[in-house]
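Residue numbering begins at 1 within each chain, and the chains themselves are lettered A, B, C, D and E in the order written.
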């Protein structure tokens, strides 16, 4: 679905992404892990059109999408969530969802003056769909809450919910788990799995929680210092010496002092 | 010889005036930029703070002159300046107490602060006029010229003259010194770093034990100092008229924005950019060319655009600069 | 009866420093008449001032509206600047049939404006001043000048009429360019003027505005040494700002020679203000004319007295100087004729504007010195 | 929480009507009570109201840009001036001889100018060669000047004392209001294309600049609208006072209401203007509210809330910004055209940023940005105060200085009384902001 | 993180206002007087705290959190339970309607946050916990703002602990990756050399290897005598090292015990610790 070829993104002299090449297969849930500063978020941002690449190409279904702006990519079915939740904080949870679909008649200004009836019909349909999504995510009770008042994890759910308002092809998730309660995280994992199975979404997931990665992802891509270090199934990756040394570590050293 | 003449003409009519004007704008822009960077709003009252500061300096200068005190070849106003700064700082701190502090406490939207500063601008505007009146004052004593046209001609024997006023040299010098000092203060001293920290993340500054009200006071005092210095130097060079200090606000803001608001280095660069684009683009090159290309007598003035459009032109240049430097002249590290 | 007269001048705004002297001039005339007790069976005259801001036509209109509608003034001394004057005349004064006499709006456009006989001015049109200035220059043997004007109808009108007259007389204008008032810096303007060159620089601006800025920058860069100053520039500020730096420069402003002006200056000094302030004398005359016309027509109704203004201002009749308003009222009461001369040698021509006599001044030893009248 | 919310909403439900009522009372007082505070004349009152309504429309335009989309336009004065050109070019009678002198040539020049820009753009997109583009630009510019300069000289030489301009088309002046909107929209389009979608500083600089540029062009291009020589006697859409006064029916009608003819004619004319302005104002508000309460409004709120996220959700932020920027500017342009129609005068020197940019901003923010009714309330209120400050300031000052003994100091202070206008205005502004820090009618 | 820079209103225009780094705490507030502590208090205790943000509804309900000298106390709970709010309440960043905060034998309920720092408290907030435009080194210096002694040694220790950050000491902290920022934030708090350290989710977004380092370090600090109070979502690791653990639900204490005890409690494990 997505093919990245020899991608570079430099900040001044610093090479945040330094010649990364990778593929995300259609229908997969691909994990992307790596030490802090490995360039994962930067890679995401380049693919999603937020940052222009220094060099290299990105293809989606064979089409060159390098440097296309995010709103164009959205209409091509490429959606993403943010490492730090980007909700529309002064709008209600339902409005956050209803604004997503493109091509709404009511978004054309003169139609809001002359086609009130049509707009009302469309709105009713959107409301129904939004409520469905809220049910799916188990946050229906928050329908009329201002999105800004949600707690961290609920915002992450809302981020996910927005991707369900339209038929996405591929969804990029950047650390949905950071700061989210583990119990809730497993709910999110289930939601992702269901979307993948029931709706055929492709996912690419950045995460530091290995349980989450292990439960969801195949394959897993490991990045370090802007390059791809390894690719493989979650089990293989967790046994990979290089990955353990650069990323996973071997657990607490001060165990002896615990509970002293 | 002709090259020398061309150079003299250029220096006399373009370079020196533009440099001095640029320094004046830069000094003003420094104040605007500082308040923007640390207190987070564009202070429209800055022009009138300059006017007020200069007004007090003038009154004090008159006092000093009446007492027979002078600074030799330098303007007496320089002696009065510190006291003027002190008075202006008091007024500005009072304003903060009476006006801005309330909104800080309320965490009001910053645009409200901008509008409050418009209110303050009106009040200060009136205050200055009540204080010193609406007339034009010259308060420049001491030696006016370092080099005047006649002396230059006699010295060099060139037909073209060159003038350099002491206030021009003073302004440029002071602007550079103030900029370096401010830069040093913000980047090297503990208080300066505390100000930057506050500017960066108010809450975290608090959690590091920085007293925000102290930072705010310090900022206002420095801003008042900058305003008074800028206003006084401008007044010495041109003359003092309360009305003009509102007019200068526009180019000052332009300078501050194009330099990258919140960035002292940018303020300086922006000031010079605005000044040079105003003066150089509308300059008729006829005489310079006349000297450079002997025997060539251009019929027109060789002027790209009339001076009526100087401000407009300088804006076009600013936009073009921004287009090519999309992050402002000096991006990145700001106050 | 208590008669109210409106004074609508730019007390705030770019010409705010000129306005107070003008206001005092107008009030001086009103006080003189009031004190005499001879106007329309002992009526008193009070002044109501309004701020026209000089540049904001809307604010000026609102001010004049207020003066007329709410204060019920019977006549207006003002406006100050031409643009604002035209707006308030067309929108308010004409609609209400109130007389306006402007002391200082000098735009040629006002000569031909349709005013229903309600508008007069005690200053001459700039069309005339341009001619006078050209004459002065020719007489001094200057053949090539650069011109800079304040970018409004006054400055442009004056500069253009001067250029036409001067070129007619065989002189050449190297450049005729505008400067905007209230700018922070005039280096660019001066650089352009200097590049064009010329024996002298004509500064058709305001002395407490950009005009001074241009002169200052010219002196500092040595661009020009001799300057020519029309009315907007001839003021005390010139002496205090430049003094002997502009030694030998010259100019002219509307003012008549002779006892009228001297009398006015003495009166002003006594009243504690500066009678030489630009257009201060014109303001005195404007107020005096309205009041004399009222006496003449026996009515304070503008619709009636408007027709007497030309009458009292011009011959035949006994000449009246400042300070002699009481005498004039007596003459009128006795059925006699007056010819108001006033502080500026008023002589109304055309549609009711001063014919304009000018005094020629020169800077000698750092002081403005009158060298002749034209 | 629930009770809290209810209390807040019920107070806000009454807030708008109450504030508008207070404002209405002020105007009634101004119209009826004569004392040191009010003038007691309907003419003054209505004159203030009319200008207030125009300010309100301007404020609505700014509010669209700022309140809906967070676009900071500091060139309000320029868009007003753009609109102000329309009545001159549309409704003034044609100037005799002007078209013959250089009209066709001028039109040709303008076409060449636009054509050059289009060609340059084409050259750039086709070849990506700076040299080719520059060559096109230079060639076009030369051709343009070759056509343009003689035309201007000829037109300006045509009866310069009275005209010297190209003149109008002699069409009804009401039409020019719409044209004014179009002019401003065109200017906005050009600026928006360059400056929107880049950093917000661009917009600030670009609008600040365009304000200056448009006014500079108006001042200096005499062929267009006589420059600083001003255009007067712009046609009116309503009756002339003098005609009314000469109309016996009207005089009788007036006296039946107990008004003198002169006074009544003034009131009549002002009322006519007022109805026209109200129609425009209400139409704009209606359209704006309809759009705002639709998915369009939701989208705009989303964009304003979080541009990055809106972009990621497929909204073309730059295009939408351009759209509101144009719409807002068009509204400002309409106001500009209305203003010259009311003044009957185009005086470019009066277009200064303090009055036409900052004051409008004060109106929008004091009213409560993002709220249309707030913009209207703020505009009319601030304009009322701006005018009344002329009287109230000195009055306040006299009151303050009254206890002082007579002295040079006091007389110095009294001489400064006119400047109290600014102090009074400033104080009022600060007080309003103090007691309604989010504006008089905050956005819901 | 939601962008509330403009109070959820429009206008993101950076040319009139500076959107960067606006605070939420009222910095103009003056401290009230210190009160006496209570006998038998732990080193730091926020007792029976009830309160919320501004005029909004209460978020904390009679919530008590305490930490003893030399121990680690961990707060866990679902998202939105009020964990961060409790931390802020202890730090004086919101007005308590009821309850008190006592530190080291004194009642500090009336102190403002600045003075609590001076009283020896150090805090790493959950979000916005660095100075983005200052360099990493300056961030650390600001951590030591109230210290008058030589800070070189402490700084060396911090760089030792976070070598990835040490390499970037001259770079603006805002240009770091999410996890690197988190390391700078913790480093800043360590620079204070506080008497008690409060950390709000210090390990969010950091890679496993760094997380282990961090926990190691926290243990070492606590054993060195400095009490540590932290909120954690990586609950299992956190429970392992906790001397005392609090489970907060809807602003109230739901379970309290040692880390081990809570790990053994099935319901707690299932509902809050993620199985």
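We take it that a contact is a pair of C-beta atoms (placed from the backbone, for glycine too) under 8 Å apart; a residue touches a chain by one contact, two chains touch by 3 or more.
Owing to the predicted nature of the structure, the values given are computational and were not obtained by experimental measurement.
Shared contacts of chain B and chain C, meaning chains that touch the two of them, come down to D.
The minimum number of touch steps separating chain C from chain E is 2. Set side by side, A-D and C-D show the greater C-beta contact count at C-D.
Distance between chain B and chain E, defined via averaged C-alpha coordinates, is recorded as 44 Å.
Chain B and chain D have Cα centroids separated by 31 Å. Centre-to-centre spacing of chain A and chain C amounts to 75 Å, using the average Cα coordinate of each chain.
As a whole-number value, the distance joining the C-alpha centres of chain A and chain B reads 49 Å.
For chain C, residues that reach two or more other chains under the stated contact definition are 16, 151, 178. For chain B, residues touching at least two other chains, in rising order: 108-109, 111, 114, 133-134, 257, 261, 306, 308, 311.
Among the residues of chain E, those touching two or more other chains are numbered 3, 6, 8-9, 11, 14-16.
Residues of chain B that touch chain C in their complex: 12-14, 17-18, 21, 24-25, 133-136, 138, 148-150, 161, 163, 165, 234, 238-239, 241, 243-244, 247-248, 251, 275, 278-279, 282-287, 301, 303, 306-308, 310-311.
Every residue of chain E that touches chain A in the complex is listed here, in rising order: 1-4, 8-9, 77-81, 126-127, 164, 175-180, 182-183, 201, 204-213, 215-216, 219-220, 223, 233-235, 237, 240-241, 243, 258-260, 270-275. Looking at the complex, you find that chain A touches chain E at residues 11, 34-38, 41, 83-87, 89-90, 146-148, 150-155, 175, 178-186, 208-211, 246-254, 257-260. Of all the residues in chain D, the ones that touch chain B in their complex are 194-195, 198-199, 201-202, 204-206, 208-210, 212-213, 216-217, 219-220, 353-354, 358, 361-362, 365-366, 369, 413, 415-416, 419-423, 425-427, 429-430, 433-434, 437-438.
Within the complex formed with chain C, the chain D residues making contact are 34, 38-44, 47-48, 51, 160-162, 219-220, 227-230, 232-233, 240-242, 245, 262-263, 265-266, 269, 339, 343-345, 347, 349-350, 352, 355, 386-387, 390-391, 415, 418-419, 421-422.
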